[in-house]
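Same chain, two partners: chain A is paired with chain B first, then with chain C.
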Partner chain A sequence: MGKRVLLADDDQLLASLLNFRLKKGGYSVHHSPNGKEVKEYLKNEMPDIIVSDIMMPYCSGIELIDYVRNELKSKTPIIIISSAGNEQNVLTAFELGANDFITKPVSPTELLVRIAREINK
Partner chain B sequence: MAISKSKDLLGQLSQLERTVGEFSFEELNAHEAKELKESFNSFRSSLEKHIYAPKTQQIVPVKLKTDASNKNEVSEKQFIANVSHEIRTPLNSIIGFANLLKEEKLTKAQHKKVQAIQFASNTLLKLINEVLEYSKISSGNTNFESVDFNLHGLLKDVMFLCETLIVDRNVELLIDIDENVPKIVKGDPSKLSQVLLNLLGNAVKFVERGFIKLEVFTKQKNNNEFLIEFSVADTGIGIPPEKIETIFNGYTQAEDDTAKKYGGTGLGLTITKEIIEKLNGEIEIDSTVDKGTTVRFRLPYTMGKPTATPVRKIQKSTFKKDVKLLEGTEILVFEDNKMNQHLIVEQLTQWGCTVHADIDLDKGLYLLSSRKIDLILMDLKMPGQNGFEVSKAIRSHKNSRVSNVPIIAFSADFTEQDSRDCKEIGINDFLLKPYTLDDLLSTILKCKEHKVEQIDFSSILQKPMIEPKETTVVDLNHLMKDCFGEIDMLNELVKLFKLNAIEFIGNVKIHLKTQNLKEIALSAHKLKAGFAMIKANGMRNLIVELESSCKKDDFEKVKELYDVFLNDYPMLEDNLDKDLKLMNKK
Partner chain C sequence: MLIPPNQIKISLITAPEFNLEYLWWLTILFFVLAVIYFIGVFVIRNRITSKNSRTKDKKVEFSPMINEFLFYEDSNTKEEKMNYLNLKVQIRELIKNNFDREVLTEVLLDLRKDLSGNSQSVLIELYQDLGLHHDAYEKLKSSKWQVVSSGILELTTMEVEDSYGLIVRFINHRQSTIRKQAEIAVVNLKEEGIKYFLDNTKYKIAEWQQLKLLDVLRHKPNYTPPQFGLWLTSTNTHVVLFALRLIKYYNQSDAEQSIITLLKHKKREIQAEAIECIKEFHFVNALLTLKLVYTKASHDIKISILDAIGELGTIADVPFLENLQLTERNFNIKGKVIGTLNKIDPERILPTKNIATTDFYDVELDELSPDFEGKSVEIHEEMPLYNTIDEIDTEIEVATVATSEEVENLSVSWSFNEDDISSQLTEEAVSEEITEEEFTEEELVEEVVFEEAGLDETASVDELVPLENRKINSIDDIDLSFLPHIKSDYSNEDNTEETEEAVAELLEHKAELEPEEELEEGFSFNFLPLVVDEITMQEEEEEEDVVPLEQEEFNPLFDLYDSSISYEHTEKVTENYSDGSEMIIEEIDWSALSAPMQEQNDNRVLITDADAEETIISFEDDGISFSPNFMPQEELDAMVLLENIAELGDCRELILLYQIIDEHSSDVVINRANELIQKFAYQAPRPSELFSDDHDLAESVFTEVYHLADDETKFMLLNEMMIVGDQKEIQLLESILESESKLLVEKATEVLDHIKAHLSNELETTTSSIDEEFIFDLDFELEMKEPTEQKNTSAREQGSTLFDQLCAMSNSLYNKKNG
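What follows is the complex of A and B.
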């Protein structure tokens, strides 16, 4: 089985495309449409990498980083998807322990490269 | 009692968790998969029984209740809420494991079995979410508003949303608001739309042909207080008499296989009833099997102050005067793109016209000979029977009342051949897409007043071909590359994109009425990525501007941009379809 990616994004359209490309790239993907579900998923399972949108219902990407690093005490790499013009969010994400970020509109190819780099570090 | 039942429930859950844990999925055969599915179903119904059985027996007059028993009930509901929440955790791991399992190399048969697990557990998850919402409402955790709002506007918006749901079905959607219903009332608009959408959504689910009708009238009036009755009638499958009494009690659907056929968890009506009762209203249901169902509910409102409604943008005075001239015009629209059809009907109806759309040649001819039709709008490039053929048939009809009705054609391009054909067939005027509302209005008026016999079609050709409007441009090449050239994936994404856009249109429409700019900003934000994907940069910029206008609280600007969106989006969708068709051919 390929490396496991947790994809947290409430945008169905983007998620479908990323899901497709990640699977083509040999990853196994779990997609969560909201932050609450992500948290519950992480209670039972820790993927090899987390890719999360910053704006999500119930629990933002920022809260998610805090949860993974400080409550679950996990060092699993986290890549944040942010909207353009949200530099402050990206800075906060890095402070809390995000490993990398990518700005919307997301290029799937670029995201795959970034994921591979984080996983192989 | 609540504690023991809930314990029972938790016991069942851990049993389920153990069972799933012990499963060796490779050894599952069809029979076992079926059993698994059934056990999920029986688990679901037992869950429902445990949660609702005590409630149905508690029909005690409210006044007789002591404070203690009230408290008891509240804590029981709180407890249910907590338990439901707990249930979701193991359930999510069932779903998660099933998802993971699907990723592994499975035989076709095994894949099917995993799908059965996914189906059952997703259904269960949906039920639990509804249970949570239900207990939230009944334990008083929901806030009710009391604001002035435009009741007529809300009703129309709700119907608009429903229309997008039944666009491809043979169901007619009717609305009848009695004139004694006040325009502006004071109450909770979002709860009313939730109730209406629940009921209409139910009707949409259960009606295969016929109609769905929303009727509204004032049942009682006392000075400033109104009791308004709403009824939602449908020609659906109906409910047998013995089930009607229990239909509002928790998880019930008329037949045990209703869920299988129509989906849903049956909590919608319970939630609806709770909301209505919390608003001091009442609800009743009337149904005949195979004939249909009518749900009536009555809610009290007080007269609202009209100043609280959004200020309408003042349009150019000539435009306004012109619109007046259109009132009562009866128009046939031949346009097969449902989205375009929907929008043009909306616009014309708003201008006071009677519109017949969604028609084919036969129905059109029938209407032309039986009614006094003033005008025909004709899309020239319909994929089936095209506009030229339909126009030709109309012009050559033996009844002169039919054959003489003015025809305005429209299409996104116009060639020399088109020009000759229009002239020969006897089409009166032409609109090049994308046209503005002004264009549409003045062309219709010109034709209606018979000011033109036939325009000089070559003049359209001589006009330098207008650069395609920036907001309607799309390019799928990029996305196709991202899909590695897999056409199925591209089709899927475009389908999703269109659904998102329709959802956006409905959402913004509703939130504009209540001036909820926060929600509109969120909707716009969600749509941005989609437009970026299909390289619709012009439209994406518009959405970005719309989002930032929401944040600046510039209501007028938001409304203006939304109108541009409504005007241009159908063209963009046309271009998208064209592009996709090309890709599919390649």
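What follows is the complex of A and C.
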């Protein structure tokens, strides 16, 4: 069984595509379409890496980082997916403890490389 | 027969009788319509919801298929390849349904936005493989503009190059949305699209559209831009403007002449963009055209032009800018002109507004001089020349710059080069090498009063020391606070003003002299022995200490023993440089010296014109010789007059200056007079033509103020004219009628009518002439005919500057209003 990846994205199409690619890359992927589900999942299980969109319903990617780092006290690597021109949010994410970020449009292959790098650190 | 009022019955409210049956029918009708409406909303909403639901389901259905297609690799296993083929067949079956095709297209378009890299390329290929672009082609044939527009967008997003020929025809579509979409598509789909677009577009290219097109070009991989200078000749001005921007963006500087020509374009935007290009590419050849265009340009273009001149201009453009500084009336442009001048020639124009005068500060300039601030001055030896001063018992008050207490601390650093001094400063009786000189308060027996500010002194020194003998890096390097100054009868305020002028003058001369002079170690003292004739000093190389001058060897030009100097009349002694320029040294009343003094100094030398060319100190045969350098009295008078004119005069003194040139033969006087003529001839603020015979407007007190005023003030002045105006205002008002704006002309007409009516009434009632009371009898023309001395005093008292006259006019107006 591969490393566990939590994919948090409300865009079903993109999430499905990334899910497919990550699974094809050997990872075990859990997809959550909103922040609430992500928090519920994290209470029960901590993945090896979290890939989260910044803009999500109920709980944004920024709040998710804060939750993971300050409430769960976890050092699980977090990669943020953000839209271009959303640099301020990216900076905030880094301040809160995000490990990496990738901007849309996303290259699935590139994401795979970044995930591998963070996990292997 | 009348009906009694109590029998008249008028109902206040009258309403027709209404059949209740109709009311029921209307109620039923509204109810039915409401039901139909709600049913309609419900049905439509359900349809949309179900369609969305179906679309969502279809997307979920299509998503894994698309994923398979996107991430299919040739290295896949046989099972995966079989699966891929099955999916392809399956998806082809699905897209036979129009709805499915729409959903699939929508999915691919969404993913196109979110994906990059190889996945994006595969996605685009898949779109065309499935033939979805044919649906987009069909959309282009639609009569609905939104359908056509979405079709163009789809083809552009999916980069269907084959659609280029179909989309091109929409470039000049009358529907702006289609047109703009087509423009972007054409530029995006093919590299030559931008050329076709610029060649063929007939419509305006909006700013936002230009930005979008530029963004498309920027993101095109491996894009080689064409020479956009080719479109500078386009008949569509928007194409020209866009081409200029593209030229600037892609740094295509090969269209210099075309861009310079566009400076003369009628459209401001193109002018402005051309100026930007000229600045960007540093087209120096454009300077002439920039100046040419300037006169007829709008304010914003003028500012842009000035900015460009600031970037490209050289010192040769300064006269043009100086001329603009005098002629421009717009505050912003004038400020820009000054800024440009300072950019080309840094600190050419210094701040003048809201700058306090020197006398505003209680601190004396001497105290702030570098000599006083930081230099530790040590004087080891007595200066021979000061010994001679010690022995001159005069009533001249001689003091150091500072107070007596300060004198104790005051020290002077003599940074002489020993070799220079040994070769230059020699005297028969004194042959020691001077190294340093120290003097204290005790050694200055006489009361030495330095009234002049330190900078003034340095100015004099700077001018007096022969250039070839200098090695001083700056004027601040010379400590001159020890120099005695003859007390003049000027007040402190006058001195302050003079000091400021001297500083300004010094700076001017300094700037003139700097490139020429090669300063050497040490400096000469030809400014010191103005009263000494033929004093020479000899050096002894073995000794370093300075030996005081022997009294018997010292032959002063005139003896100050028991003589008194009257300071009531002062003259300016001028010193001549070798280059012929002359400077005022100090104001001394030479004529007031007593006769005995003159007798004791038989060897006094009265300077002639030829002598004026000589320096005061000459170095010959390893000796130093001092010779007085006086002007003839007549020449001196003329110089004093000229200096007064320089200080107080303006362009009205031109006639007098020409007279002075005619009357005097001295080069010094003529040169100075010519300088002043040039200076005053250059003065623009006073519209001298208004005072000419042709325009006899000077009679009106309002003339000068009016021509310097803004519109609001002009209205106020016209109102004043209506109240106090008389015959003398008529000419001014008539001139206003010819030249001013409509509102001012109306007002002037009104005032003119009023004055004329008033004058006609006055003529009938009284014969007394108002001319005698008229307040604006400017006497400055008469002043010039008065004797020079009187003129000097009256000029100071009454003031002949423009400001003084304005004040006088306002006072006169006030007096006239109050009888």
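By our rule, the second predicted complex is superposed on the first by the 121 of 121 C-alpha atoms of A that agree within 3 Å, B and C clash if a C-alpha of one lies under 4 Å from a C-alpha of the other, contacts with A are read in each partner's own complex, and residues count from 1 in each chain.
One rule holds for everything that comes next: contacts are C-beta pairs under 8 Å (C-beta built on N, C-alpha and C of every residue); 3 or more make two chains touch, one makes a residue touch a chain.
Source: prediction; values computed, not measured.
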Chain B versus chain C as contact partner of A:Lys121, first or second or both or neither: neither
First (chain B), second (chain C), both or neither touched by A:Met55: first
Residues of chain A touched, compared between chain B and chain C (which is higher): B
Touching partner for A:Asn44 - first (chain B), second (chain C), both, neither: first
Contacts of A:Glu110 with chain B and chain C, given as first, second, both or neither: second
Partner chain(s) touched by A:Lys73 [first = chain B, second = chain C, both, neither]: neither
Contacts of A:Arg21 with chain B and chain C, given as first, second, both or neither: both
Partner chain in contact with A:Asp11 - chain B first, chain C second, else both or neither: both
Residues of chain A contacting chain B in one complex and chain C in the other: 11-14, 16-17, 20-21, 24, 104-109
Residues of chain B defined as touching chain A within the complex: 88-89, 92-93, 96, 99-100, 103-104, 479, 482-484, 486, 489, 492-493, 496-497, 500, 525-526, 528-530, 532-533
Residues on chain A engaged by chain C in the complex (per definition of touch): 11-14, 16-17, 20-21, 24, 104-110
Chain C to chain A touching residues, read off their complex: 59-60, 63-64, 66-68, 70-71, 107, 110-111, 113-120
Interfacial residue positions of chain A with respect to chain B in the complex: 1-2, 4, 10-14, 16-17, 20-21, 23-24, 28-30, 37, 40-41, 43-45, 55, 83, 104-109
